[in-house]
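Below are two complexes that have chain A in common, paired first with chain B and then with chain C.
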Partner chain A sequence: MTTTATRDILDTVEFDEGGFMVDPHAWTPEIAEAIAEREGLELTERHWVVIHFARDEFAKNGEAPTLRRITKTTDVSTKEIYKLFPGGPAKVAAKIAGLGKPTGCI
Partner chain B sequence: MKTLLILGAGTGGTMVANRMTELLDTNEWRIVIIDRDETHYYQPGFLFIPFGTYKPEDVIKPKRNFLPPTVEVIFSDIEMIEPDENRVRLAKEGQVIYYDYLVIATGSHIHPEETEGMVNGGWQKNIFDFYTLDGATALSRFLRTWDGGRLVVNVAEMPIKCPVAPLEFLFLADAFFHERGIRNKVDLVYATPLPGAFTKPIASKKLGDMLERKNILLETDFNIGEVDSNKNVIRSWDEREIEYDLLVTVPTNMGADVIERSGMGDELNFVPIDKFTLQSDGWENIFVIGDAGNAPTSKAGSVAHFMLDVVVENILRHIEGLPLKPDFDGHANCYIESGFGKGILIDFNYETEPLPGKFPLPGIGPFSLLQESVANHWGKMSFRWIYWNVLLKGRKMPIESQMSMAGKWT
Partner chain C sequence: MTTNGTNGKESENRKLCIICSKGSLDMAYPPLVLANAARMSGIDVDLFFTFWGLEMICKDKMKNLKVPTVGNPSMHIPTMLGGLPGMSTVATTMMKREIEKLDFPEIDEFIEMLSDAGANLYACKMSMDMMKLTDEDIIEEAEIIGAMEFMEMSEGAQLLFI
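After this line comes the complex of A and B, so read on.
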């Protein structure tokens, strides 16, 4: 269940039909906490390693990183990231980091 | 004397060498091409080897036969590219070659060792690839005596070379086992990391329906974490298991090792490029053709062919100090074998997904788009001749490099 505070924050944010934030620049850490809660996750320090990395990548390249890029560049292993963000880690992490869907596959 | 250096004499590199020989003044320019392997492989033919349609000798020819005599050919491994110094170090006799322009055409290659447990245990016993001549040949031997069971085709990770190949393999396998009278003893399963049968929605739906009609089970969102050869199961990172008797894998595809050694690649060793001009992001005198680059389009020979005009034009423009043309549109054109002497054709680019309709090809077509036909099958089979005799030589084909909407239903 989402708390009232979370609902209030999420009400101020615009999402697309996939649940991704429409404007990545409107993102704040508080919004991340709220999206995570909606996804049923409580963010730990390890989640934040991935989220900060995804935000930095977006700032540099304009898109969310692929799973392989996250696991190759940070110290988070593939096994761990699947535990941290169940059900499609690159996608869920991008969602919480306020970014669009990663464009990894062609 | 100036030097145009081409790394890789596969489909892309060979086409660039042939075209550039005609366009550059040989009194002023020296063209050098480097490859580690003296044999040219017709890679689209690998798909037919497991089923005995092609033999290994049908898909190999000497590389030298396809390169003009004026091009200097060196067979050697490449030790290192040093783009800030405009030079390349070769393994052979420690040679160093300085260049004015560099074309990277080093392709993409499979890495089964990227998946835990893949290469120890069942590798080439009941686990095979068909992206190498070795793998396809070993699988052909295995299939000749296999009397049935559960055949799982798995794509380890995207992107892969020729994204339709795993589907074609399954369609051909379905027909092959039918013809051998053992289809009722074979379960066919396709386990893919994608959310559907293919990467783009309309084609994904159409191809998904075909899988269902042919009684091929589709497992989506399956991201393989390990192969357990003792139990003959593949396990995903989210701990789903799929049993197999025969595993046909499309392993992780990566760019050449030398790209990583030289620090020029992304996380999969593909060289970052401008997807419209095909110039490398890092160095303005380096261009990339084919699947060595990170352009978000299919990694396939047809794409390399459509890139050719743009790469060549932009090198010439850069030599003359003119602005580059952002003309590559991601165009791909793929015949998909669907078994029983039929095929499907898809034609798409960065913006337009594969659509149904008719594909007008002067003199040969029309071909049906996104639906089965006998003509599409013959299109695919005659492509081998076109490949060796027209395409590799960089000659003009009766098909535009930029995708056309003519004949497509929208």
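After this line comes the complex of A and C, so read on.
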């Protein structure tokens, strides 16, 4: 169920066919909350560990980190990341972090 | 079922079953990489290890899978050279180095990662009997089942034989 406030924020953002943000630089934490709500997720502190890490890596390298890099570098384990982002953590986390569709295989 | 993927639901109910039948290093990675890609996309995964593929989940073998240099058409070297002592070790070391560069885990860690990611691991009962293996020999994350059981659980799934 999306609230009116969420719909208003999402209306200002451009998404591609897959539901990924077209311009990662337009991302804000409020947009992340709104996308998460659309995905049926309520963001906790642990979600933010992953989202902030992905954003930092994107700022440094210009691309989203692989799941393996996230689980190797942060204290979020593989088991936990699958629980945090059900329905495919690579895709769901990238969507919420405002990054493009992940291209890595790992 | 939607296909536009705006809410990530396009993978719901999709299931991939992979039969892993080879025990060489170069043939162990493809099913694992595909299984991982599927799990990362929210697709359910069952891995069935049979025949030499069982070595991928054997505690004392999974760390030591080798790239064969004889009878391997991808080697691009004459078979006679491939048979020289140490050739397989050289090829294995080279492949492991390249895999590490791509940040792919070694087989034992890869299998553990897949299990943590929610992939189901199954060992073929007949192959285990044939190779005189017991449940002590394979990793505890794997469940031993017969081929018929695997047929039942793979109904409606996409199936790959590697």
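Everything below uses one rule, namely that the second predicted complex is superposed on the first by the 105 of 106 C-alpha atoms of A that agree within 3 Å, B and C clash if a C-alpha of one lies under 4 Å from a C-alpha of the other, contacts with A are read in each partner's own complex, and residues count from 1 in each chain.
To be clear about the criterion, a residue touches a chain if its C-beta (ideal position, glycine included) is under 8 Å from a C-beta of that chain, and two chains touch if they have at least 3 such contacts.
All values derive from a computational prediction rather than experimental measurement.
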| item | value |
| --- | --- |
| Which of chain B and chain C A:Y82 touches, first, second, both or neither | both |
| A:T73 touches, of chain B and chain C: first, second, both or neither? | first |
| Partner chain(s) touched by A:V92 [first = chain B, second = chain C, both, neither] | second |
| Per-residue contact with chain A, leading partner among chain C and chain B | C |
| Which superposed partner A:G18 touches (first chain B, second chain C, both, neither) | second |
| Which of chain B and chain C A:E63 touches, first, second, both or neither | neither |
| Doubly contacted chain A residues - partners chain C and chain B | 66, 68-69, 78-79, 82, 86-88, 105-106 |
| Residue ranges of chain A in contact with chain B within the complex | 66, 68-69, 72-73, 78-79, 82, 86-88, 103-106 |
| Chain A partner contacts - residues on chain B that touch it in the complex | 157-159, 163, 193-194, 199, 221, 225, 237-238, 266-268, 296-298 |
| Residues on chain C engaged by chain A in the complex (per definition of touch) | 4-9, 11-12, 33, 36-37, 39-43, 102-105, 113, 116-118 |
| Interfacial residue positions of chain A with respect to chain C in the complex | 15, 17-19, 38-40, 66-69, 77-79, 82, 86-92, 95, 102, 105-106 |
